[in-house]
Structures are given as structure tokens and as C-alpha cells.
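Here the chain labels run A, B, C, D and E in written order, and each chain numbers its own residues starting at 1.
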């Protein structure tokens, strides 16, 4: 059964302690989430949802960098909690690659950006010589609209947010993984480039048979490329299914609200929505600000 | 490399001053190899001469030229200090980074050992070891023992930084980039603790030299070997401070101070070089 | 289960481990010392008098019995632990039969008082100046202060102490240079005694402070210069937050955390005494006691002092481990 | 703030003491005072026993204290009778009698571990006190020197207060706080932290042996023993007039004091100012370790030394040289040095290829000339005077002769390095104590340098507190230390000589009883010792026997005597005058000597002292 | 400056050039992130800036906010604010600028999840940044802050949390709250809503709009999300490779983009329900260290002519009431 799945989550939950040091209270960041990606049918699996709903936490668990408190996560049939040996871990990493949410955090400010690319090329693609590594890195960078020349020798604070995100995506491509877990990979990229990256995902899926878990707030791109979607709120999956179906016709009230909240790229419509929203929220705090 | 140096010298006043100060010390140490006198020989010049054209820094009550003595003493003391500092730094780094990065049980065991060594009071343990080992307790052995006692605090510091680095996203990113643990420790985490390494090296060097002096004052050093502590010991044995032979103590101290000011400035500027953020900040400033 | 209790329990086990191994190490090293307490007493009793070899031999035998220094190491080790657990380290061999605890008890308040105060003062000044110097990098005054501090730091304690002695004892004789309090003053809780203790403590404390500031200064300075490039500091500056607030809550406070650990450890170290300072100022402290214990082969005394010192340091580590998560919210229990 | 609270400075004498590790321990009869015992005034000011010898010599060197007359032995030295003074009282008003003496001896015999328990149990069969003023000791075997147990040079067996100890329980665990005094001072107060102890003149000071001996009432009302810190601090304290008596300091410090301060007095008025102690720093050679078992090697080492450099290096020339194995102090110059000059000058040494006369009688004069440049008039010109300050003569450095001696012993020279007969390099580790006795460490480095220059690579080893033990277990090759101390004020050499007997020599590794640290063994030596044991302490033959010993020691050179232990002890005259000096050697002056009581009671208040 | 009292302009930028100049340790690199930009922002308007990733938006904004740190350097031009009729030259009067911060001008940095002090509870940030400008007592201030947070769907208890306990979106909302709570008359926001879900985003936008309207404030709003621009900005500027490509009323730009890059950008926007494949622009964004000659867009421009590679087009009045820097303005149409 599980052999057919590339990735399988069964009743996964994650808790975090909250409150003071001595308190026993905990909050449920991810609550009983199950889904599976088929091994033979690569897909773009989108997770959308409220901010703080546990999307990143879920991603971290899939990547094995947080342990699930409950439930199991299997990759290629093996429980990822059991990956402990170095070679197993390495094998896992060649097949699963992440793109982290915050590009400013994802790169060590004291390390040159290209190091990450070279290391990946070296370790997962066996690139020995410097030239080989650069070539691999460059190919990957070209796909996201960058080149090794622009990246070489630079540090993260020297690059724009979008550049960093694109580099992160490019890096994840190098090992040619089976699964990419991309946590808001294009949040800081302009619409045009965003399309090219999203197109790239699609192309990866179609040509290289890579599955992609795509976490985003951008429902429009989700709609554009996703095969399946789950919508999360407060750690719980409130709705899941075929992306187009769900987004065209959301069933859960939250999904519905979410979809309706998407601003259209049209000033007239969009500003009306915002105006409406202002009225819904109610009159502003009717108090003059006394300035100090 | 040369360009880096040139730029450092050009843009960084501290680096320039530091270099000059260190060059003074290096010059003195190098010159000690060309000393006209055997460095251990006594009564080779007229004792108790104040600083003059002939004896720049005066002569000691033991008939030694303070200038040449300082050269040799700095060399020996620094050698001792550097061995202590380097060995203990290596241990502190490895232990701190590994313990912090790996965490869990390994961390607990390593920290247990670390804390045990850290809790042992240094001076008495050293003195007792000097007694126990006696003839085997050469200065190099002493350096090793001191190094073994001198890393615990710093490794804890490094570990605490490493612990927080472990949680950072870029560490996970590095793991998924295929960097090996050693690479992560060296390339990703080491630069972060470099400032710590720098200042703890300085502190450690100072500690080591202080230790040497303390042992000398308590009468436990090899009095045949000229060292800074040895100079103080002998000055003491001749009551130099009350007898008015101030130059016997003042000049060695002056050069110790020069040495550390130089190191301090170099450490500051190199530190900034290592951190690309402040490196750039400097340039505009 | 309460996570904190598990955490604290683990730490406590670690504390016990440190204490037990540390003391065992100290026990072994002390016992391998070639200085024989009996011989030291013998030579003390005989070195100046006419010494009849036969009598010396007899004296040696009787002292050996009296001190009970014979017996296999392992027995002594267990006896020793028995004593440690009851807080009694047996009789001092160099002050036989006065209990080690009595001897230590006399010296401890002096050292601990002096060192605690000096450590805290040095810590405050060093960190304050270091943080200021790291934050206001371009201030000339602070640069100068930095240079003075860095120039003072490598000078051996002994030389600083001696210079102070000469300066304030001779050149400008305004302060007492030796002892813990005025001669012929009985300890009492009155102003005469307290002021005398303070007066006698000034120079030793000053020495310790001068020597101690540097380390804190340099580490704080470097911690701060790391932190000021952090986003949250930059943002606070852009937010027009008062410099004083930025300095204290954004910069100093964040850099302070490792320094708190350092302070705790230094305070733990207080129980080891400050040999050189006590030596220079003839301060009636634990460091001198320890050295004389070592010299006279009085391993009961040496072990008494080291045991206290080890427990103190280990306890400091333990306490800091326990409270660290409270002061640094980022630390995870684990 | 005044330096001392509550007592008038001009009635107070402040003496350098040591920090008391166990400050409230006042029982001198048990070893409980800690490593620093005996230098807080307790034994110096409150104890008493039968006799004192003034180490400075002179006709009055023998002083009867509790006894009224010298010891009376029977013919075969198996019984000693002591007559006690009448009218002596303990400070608590109890009269001192022969009961106290008998109690002292018995108690100590009953309690091994007490300070004088051993000599009593070895010697005393029984004590008899037929009346309060008479004590008769019955000895286990003949001993012509038994009285020395009760004769103070530095200290001696002190008499215990029977009425106190009787009630005290275990005398080994008894603190004796406050101590009842048998001498002129009583405890006033002390520092629990051990930095000072204050003693006060007894109101009934006349009822003590010292009071009875005093011609005038003692003027020092209070004596403060205080730990005054390190040498620099001591100098400063004295210059601030907070320390009247300093025990010892580096020569340079002393010279600086004499140069800068008007109020300082010293033993010698001019250079070198020092007081020669009756101890004899020498190069001890471990005669049980080859090649030091070879007399030719020992002599070669002696002849490689240029004593002038040693004198300059250790004492800045202020050394009192000793070629003989007895310190040239007290009565020794008259008893031994002067009479033996001719013998020394004519002494011949066979180097294997020729005979040489190594002694140079002028060497002290040469040193005097060397330092005259700096000290000018202060250096005496009168030869007699010179001999008293710089010593008589010493061995002339003679590298050639040393070479011949080594060759005779089978050594070979390769380059500038001597090889032992077995072909290994001849190297020496020269042990010094180091910190507590810096002048000897200084001498050691000079000698090491000279030996090294002459082909014997020598390293100086600082032994610190392990010094004593390494010396006594024979764990050394050569060392600078003393194995000879004398009464100073009496020609009898038994003080150390008796212990040189071969019956006491232990194999290397085992602990050798004090004194014969070089483990010198010689049947001729045994004969000399036997001779000395058989004659009375005051017999005129004592000097004769002593000379025989000295001659033998020159021939054998088991240790290379260097000089007297010169002590630099400045006195502050701001408040007190009439300190003992070479001109007026009425008392020993060292603060740790029990004999200092004669100085304390002999001081005169300085009329010009500041009033307070 | 010749700023008239009560001018309608809240911010005037004139010929601003801001480069990253790297000449250290042997490497020389000059990145012209902001190259000769002039624009004005009026009172009571929301001025959007969009543009290609790494086109210099953040750099421009940092310059305006006076947040430049080496190696960034203002090479030429001026930036003048007009707060309450009081002109402030950002780089001429650092003192005044300092005083104006948060009272008149607040700034939301890009990557604003990292700007909170990791070891202090969130509430302290509010105290530090805002409380002294508001003259309220503690309790009232707290109440006010809580009310403000509520509008961003943040529970009051986040004030007691440490930053690391909050999700990225929560932190971002907090920074927005922080920047708006004093209701300053000028707000600069750099991608403040990237980590927010659309629901929350709406509220944030509503809030910003609300504050802006009430205070008649000016806002500069940078985002890649054109829908956001559509929703709240009054005017929109499009940047490309360190320069302004186009500027105009938002509606006009969406309806009738003049610059071919703008046209392309608008054209590539996806919509839910629309699955047509969208082509992204050919080629890659130019490297600012070595930008193309002439019009910087010309290598990728589908309608480029010879002149484009030789002459630098200047900003000119456009047909739709804005300004545009293109020789063939208005000629490119999205298919």
C-alpha cells in the first residue's frame, strides 16, 4: 500500500508548548493531517491557508527537521523518523529538497551564496571540479533568470529578496530531486518572474517527474499550476481536493472566504473590495490622536 | 591576499596601528636571535645601569641587558602563550561547535566533562601537577596542561552560540545543500563564533601569560629560561621595585602592553573583515 | 509531565557528575603530591633546633600515627567521601588537630567578600564600557577608554597590585596596603570595623577590578558589534527609538546573555580565592590558605578548599543552566 | 586612621611575623599552629626554659634563664641536675616550680607527637624533683649534650604550665588560648584571620627570668607581631613607621633602605649592613650518587667556582665567605677561622699531576676592593675588621687544577663538555629552594653558569616546598642549602655534628634525618663524633675536636661551604633605639628567634619619637 | 529648497542616484540600484511601486527612509519630505529626520519578520517605538494597541509573546501594526504583506487605507502583488533596472500601460479561473553592475528599435496622464 506512495502523511500532529516556562499549556500547530503523493504520478500539491496555520511546520516535518508528535510520515515507504544513518539521510536529501520561506534567513549572512550551490552540486551530483560545479549551478540559475556571474562571491545581504528566493529555488533543482518542498518560494518575486518560476515547476513536473509541495498565499498561481490543494486553518485541513475544483467551488466556509478575499488585478474591483472591507470592520477608532 | 592586506592597511587605521605594534614585537623577537649575549648568561654587562644610549632599557641587577632579555623573554613567553591559546582554542572550538550542533546526549556527556574540568581550580591543580610531575613538567608540558585547563569556559560560550545556530533556518538549508557536518561547522558556524574565538584567544593568551607569571612569582617556573614571568621573578628576588631598578619591570610590561594592544587592534579589524556586514560598513565610514 | 522538572532533573544529574568526578580528580592529584605533611611538620619542628636523629625518627612515627596518613588510597578515598557528605573534612594536617572547616571558615568570608564585590564591579564596568564602546564606535573617549583598558589587562596582577601598593602606600600613602582590617580591631558589627575593612579592601579590590575589567570589556565589545548589525537593531534606529533605549534594550540586553553565564562562573570561582592578590596585599583569604596547604602537603586542607570551589563552580553552572531559559526565551528545553 | 587601634604607638614595638594559619592555637607543645607557627611572639615572648645561648657569642653568651647555673652532669653523663630560680611566677599568679618541669617531661613522653616528646623518650629514664628548685634527670644512656634540649638557640623544650594542662584533657588537642605566660609578656589580643598578635608587658614582669636579668625596667609595653606582606610592602611599611623590625630582605632592598631612609639601623653600620646567621649555605653534593662519591670530582667542582662572582651575584658582594664547614659567625672566627688560617694556607691538594695550594687568604679583601668603588668609606680598611665582614679567605678558582682532578677521576673532555668515565656527558641539576631564600637561588645560578662554562652543563632546579623532602630523601645531585648550623655563641659543634654519624645514614630514597643531607660517611668522621660525645660541653677540647672535623671536611669536600647566611634586617629607630648591632651584640635580633626577648626588653624609647 | 508652505507634495525626489559601491579587499563593484530617479508623492495618496525583482525598489525606499548603510551611497540628487509644512532634507538634516521618525514617518522593512527584538516581548516594541508619540498613559496606550491589533486579527496575547513564538505572518502583521499605530503622515512599506494569507491581507490593506484616509497621509507601498496595487494605490510607479519605467494613476496603468515592460507585467497576472499559459519575459533581469546601454529594457523589449540601445529615454508626460520613459510609449499591447 505505502509502496505506491512517494510521500504519505498519516494523522500527523505537532504541538508546541506555549506560555511561560513553567506552564504546561501547548498549542496544536498541525492537527491530524493526512495526505499522500503518488509515486508514479508526479503532481504539484499546494498548501494554502491562514498564516500561522501550520503550513511551514508541516513542511518542516516532511523534511524531517521537526519530528511529528503524532502520526507518521513516510517517504518512499520508509518512516522519515527512522532515517538516522548518514547515507540514508543523504539519499533522502537527494530525493527531497526544500525551498525555505524566508530567503533572508535561509542563507547564512556570513557565507557566500554560491557555496550552497557548489556544495549541492558536489554532494548530490558528484561534481568534482570547480568548473563542473559552476556549470551545474549556472544551469540551475539560468532557469530562474539568474547566472552564476551575478551570484558568485556575494553574500545574502547584497542580494534582493527575489534574487535570494530564486537562488534558493535554483539550488533545490540541482540534485534533480523527486520532491521539492517549496515554502512560499516566490513571495518576493515580481509577477513576471513568478510566472516563469511557476512555469518551471510545471515543467519539472512534466518532464522530470518531480513532485512539488507548493506552499503559498497566492491562490491565483495555485490555481494556475496546482494539481491538488489543501486548505489549512489553525492546523487543521479544512478542505482538500483537486485544485481547480476546490478553488472554483470551495465547500468549506473558510475556503470560500479565502477565495473571495483574493483581490482581482483590477483597480476598480479591487478597491471596491477594500472599501467594502473597511466598512465591514466598522468605524475606525473614533478618537483624535493626541500627539506628544 | 596581498591586495587584501593592502586594503586593510589603507582603510583600517586599527589594522595599521596593530600591525606596527606587532611588528615592533616581532622585530624584538627576531632580534633576540642575534643577541650579542647568551640569553641565559648573567653578569655579562654592568649591573643596575639605568637606560642610556648604550643600554637602551638599562641593565638588570643580574648584569643582563634588559633589551636583549625582553626579546628572548617575549619569545619564550609568547611561545608558551601561543601553544596554550592555540591548543585550548582548538579544543574549545571542536567541543563547542560539535556539542552545540549535535546536541542531545552527546552534548550532555561532553558538557559534563567540560564542566568537570572547568570546575577544577586552576592554580592549585597546576601547582600539584608541577609537584607530581616535577622533572617531566617542562615548559611545553606545562603549556599542554594549561591548555587542557583553559578551554572549558570558552567552549561553553561557543556551544551556546552553536546551539542557537542549529535552530536557524540557514543551518537546515546548509544540510539540505549537502554540506557535510564538518563543512557546516567550519563554513557556516565557525564564522559566527570567530569574534568569540578572537576575544577568547586574547583573553586566553593573557591568562596563559598571567599563569606563567603567577607560577614564576610562586617560584615554579624554570628559572633558567628567560620569560616575562622569569624577569619579574628575578626582579622580585632583587627587590627591583624598591631598589629603584624600575626599568627591569617597566620595560617588559611596556612590551607586553604593546603586544596586546597590537593584538587587540588586529583582532578588531580582522574580526570586521571576517564579518562581511561590518566589513562593508567600515568602508563607507 | 512538566518539561521543566525533567530538564532540571537532568541538569542536576549533570551537576552531581561534575562534582563527583571533579572531587575525585582533585583527590587523586592531591594524594599523588610528593609533599608529605608529616615531613613538613617534622622539618618545622626540627629545622632550627638541635636535632637528634633518633628523636626525629620517633617524632615522624608518632606524627604519622596521629595524622593517620597511612593506609591504602582506596580506604582514604571512601573515608574522604564519608567526610564530604557530612560537611566535615577532618582535621587539617598542618594545623593538627584543628578541623579543616574551622581553618577554611576563618578565611572564607574575607575572600568571598572581596572577590564577589570586585567581580561584580569589574563585570558591571567592563560590560558597560564594552557595550558602549561597541555601540558608539566612533566616540573618541570610548576608544581611549578601550585602549587604556586593553593596555591594563595584560599587565600581570602582581605588577598592578604592587604598583598600587607603591602608589598608595608610599608615594601618596593614603591607604593601608596590607591585611584585612586595622591592627587590634576586633571584628564587630560597628562602623569602626566595617570602615576599616572597606578601607583595607580598596586596593585589593581595585587591583582585581583593574585586572578583571578587560576580559569583560573585550568580550562585550565584540558581542555588541555583532549585534548592532542585526535587523532588529537597525529597525529600532530607523524607528527613531531613543538611543538610550536601543543601547540598553536592543543591544546591551541581547549581548548580555552570555555575559551573565560568565558572571555566574566567575562568582563560582570566587571560592577558589585570588592567590596573587591575597599574596600581594597579605589578605587573609582562601587563596593563601590553599597555597600554604599545598606547600605543607596538607591534603585535607587542599581537598577541603578545592571541594568547596568545585561545588561552587558546578553549582553556578547548574543555577545558570536552570535560569538561562528564563532569561533567554529562545532557548529550548532539551 | 592610626595604624594600630587603641594602644599608644610609642609604647609599641612592631615586629614582622607571618600570617597564622591557625590563629587561635597557642599550644607550642603540639604541632597545631600551621605551617607558619612560632612566628607570632608566642615562643619569643611567653615561654621559658633553663638556658639561652646568645648566637652572637661574647663572654656572656651563656645565659641562665629558669636555671640558676649551668647543668651539672655526673661523671658518666647519665644524670643531669638543674637548679631552678626561685620567685618565678606564671602570669596567672601560680608559682613556677620543679613540678612544672617534671610534668613537662612526663606529659610529653606520654604523648608522642608533642614537640619534644621524642628527645625526652629517647633520653630520659626518669625525672626526679626532690624540692621545688631542683630537678634531676636520669638518662637512659650517657649523653653529655642532654642539656641542649633545654638550651635556646632558636628555640628549645619549653616548660609547660602544669596547672593549666592538667585540666586541659588531651594536650595534643588543647588550644591553650589564652596562653599562660612564663616570660615577661602576655597575650593582649590577636587577629582571628591570623595577621597580627599583640602582646603586653606583664605587670609582674619582675617575677620572670627575664625580669630578674633586666638591669632596667623594659620600656616596650606592647609587642605587635604582624604579617606585613611581601618584601616590597614590608619596606614601605617600615618607611611609613608601621614596622620596626624586618626579618630579612633582598640585599638590594636593604641597600635602598640604607640609602634613602635616615631612621634605619642595621647590624653593621656600613656595607654590607647584614647580620650573619649561624647557618652555612653550601653546595651540598649527594655523596651517595656517582660521580659525587668521588672526592676529586667534588674538589674539581669547588675549584671551578669563582667565589667572587658568587658573592656578587648572591649578596652583591655582601657575603661573609666561609672556606671551613662552620659559619664564620658568633665565636667561630676566634675559635676556628683565625687559628686555622695557617693550616688552610698550607693545605695541599693532589690534583693527580701535581700538588697545589688552593687556598687564597686574600679573596675577601678582593671582594672588599670590588665593592669599595660603590660604597667607598663604608668599607673598612682594617684587615681584622674586613675579615669580620667579608670573611677570611676561600679557594681560588683554578680551572686547570679542576681539569687535572677530573682527568684523574677518569673524566674526558670533548669540546667544551666533560664526559664521565662511562662516556656520558657530565651534567648537573643544581637544586635551589627558590622563592623563600632568593639569595641562595641567586648563588645557584652563578655557580651553574660557572660550571657550565667550564664544561659541566648545569641546570638550576627550583624545588620550592619540595626542597626539604628532596634533600632528605637524597633525590638531588647538588643543591644550595645548609647542612651545618651552630650555636653561634659556643664552639661546640654537636649542634649538627652528632647527626653526621654513619649510624644515621639511610640509603637513597629513604628519609635521612636532618643535617647530614649529603650523606657523608667516613670512619674518621665517626671517630671525631665519638670523641666529641665523650667530652663535656664546656671542655676546652671541644675546639680541638671541632678543628679536626673542619680539616677532614676540607680534605673530603662533601659539601662546598660558601658563606654565612647573611640576613638583611633593618630596624626602624623612629620609636625605638638600642637595637643589637655588631658593636653591641647583646642579643639575637631575628624576630623568629626565641632569643629576641632579650632585644625586646633591651630597647630604649626614642626620645624624639612623634607623640601621639 | 524651494518648497512652498503647505505644498501638496509630501515628498520630492530629485535626480536621486544611489549606488552600492564596493571597493574593498580587491574587488570593485558598483551597483546602480537607484539611477537618476525623480518623483513626487503627494499628500493623501498611496503611491505604489512595482517592478521587477531586484530592480531597486527596496534600495529606493531605503534611500527615502534615510536607512542607507554603507556600502550604499547617495551619489546624487535630493530627497525632501514635507511634514506638516515643515520641509526636511533627508540627507541634509539628519537631526530633524531623526526626530521625525515614527511621529511623521514610519517604515516597514522588507523581510519584516526579523525586525523584532528576539529577546523582548512584543509589547515592549510598541512602547519603544510608539508610546512616546502618543502621549497616552500606560493603560490607555495598551488599550489602544490592543484595539489596533484586533483590526489585524491579532489576539492581544501576542503582545506577551516573544517573536520566535509567532508565525511569519503574525510577525509581519505586528510590524504593520507597529508602523501604523501612531498614525503617522507618511508610511513607507516594503512588501509588507508577502507572508499573509489573502484574508488577513485584506484587513491589512483596509487598515492601511483607513489610516491613510483619516490622516490624509501619504503611503509608499512596494509590492509585487499587482492586485494589491490595484486595490489601494492611487498612483503607481513601475521600476526597471534601477530606473523608473513608468508612473501614472493606477487605473490608467492597469487599463493602458504605456511602457512595454509595464504592459508585460500587467499581462502576466494570473487569475483564478483562468488557466491560460502565461509567457514570462524573455531573457533575464539585467545586472545592475553592468546595465545595458540606452534604455535598459531594450535587450528584452519586443519592440525595441535602434535608438533604444543608444539613447537613454527620459521620463515624459504620457498619454494617460502619467509619465513614461520609452521612445515607443503606448505602442506595445498585450495579446
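Structure notes:
Rule of thumb we're sticking to: a contact is a pair of C-beta atoms (placed from the backbone, for glycine too) under 8 Å apart; a residue touches a chain by one contact, two chains touch by 3 or more.
Which chain is which protein? Per UniProt: A, E = Peptide/nickel transport system ATP-binding protein; B, C = Peptide/nickel transport system permease protein.
Just so it is clear, the structure is predicted and the values come from calculations on it, not from any experiment.
Shared contact partners of subunit B and subunit E, listed by label: A, C.
Averaging Cα atoms per chain gives one point for each, and the point farthest from that of subunit E is the centre of D. Of the two chain pairs considered here, A-E and C-E, the higher C-beta contact count falls to A-E.
As a whole-number value, the distance joining the C-alpha centres of subunit B and subunit D reads 45 Å. Per-chain Cα centroids separate subunit D from subunit E by 92 Å.
Look at where the CA atoms of subunit C average out and do the same for subunit D: the two points lie 38 Å apart.
Each chain gets a centre from the mean of its Cα atoms; for subunit B and subunit C, those two points are 22 Å apart. In subunit C, the positions touching at least two other chains are 34-35, 162, 166, 279, 294, 330.
Residue positions 69, 103, 111, 114, 132 of subunit E are each in touch with at least two other chains. Residues of subunit A found to touch two or more other chains are 101-102, 105. Listing the residues of subunit B that touch subunit A in their complex gives 168-180, 183, 187-188, 191-192, 274-277.
Listing the residues of subunit B that touch subunit D in their complex gives 40-43, 61-62, 131, 134, 218-224, 236-245. Contact residues on subunit C toward subunit E in their complex (touch as defined above): 231-232, 234-236, 238-242, 245, 249-250, 253-254, 257, 328-330.
Within the complex formed with subunit C, the residues of subunit B that make contact are 103-104, 108, 111-112, 115-116, 118-125, 127-129, 131-132, 134, 153, 156-157, 160-161, 163-164, 167, 195-196, 198-200, 202-203, 206, 209-210, 213-214, 217-218, 228-229, 232, 241, 249, 253, 256-257, 259-261, 264, 271-272, 275, 277-278, 281, 285. Interface residues of subunit A, counted against subunit B in their complex, comprise 63, 65, 90, 93, 97-98, 100-102, 105-111, 115-117, 119-120, 122-124, 155, 157, 168, 171-172, 175.
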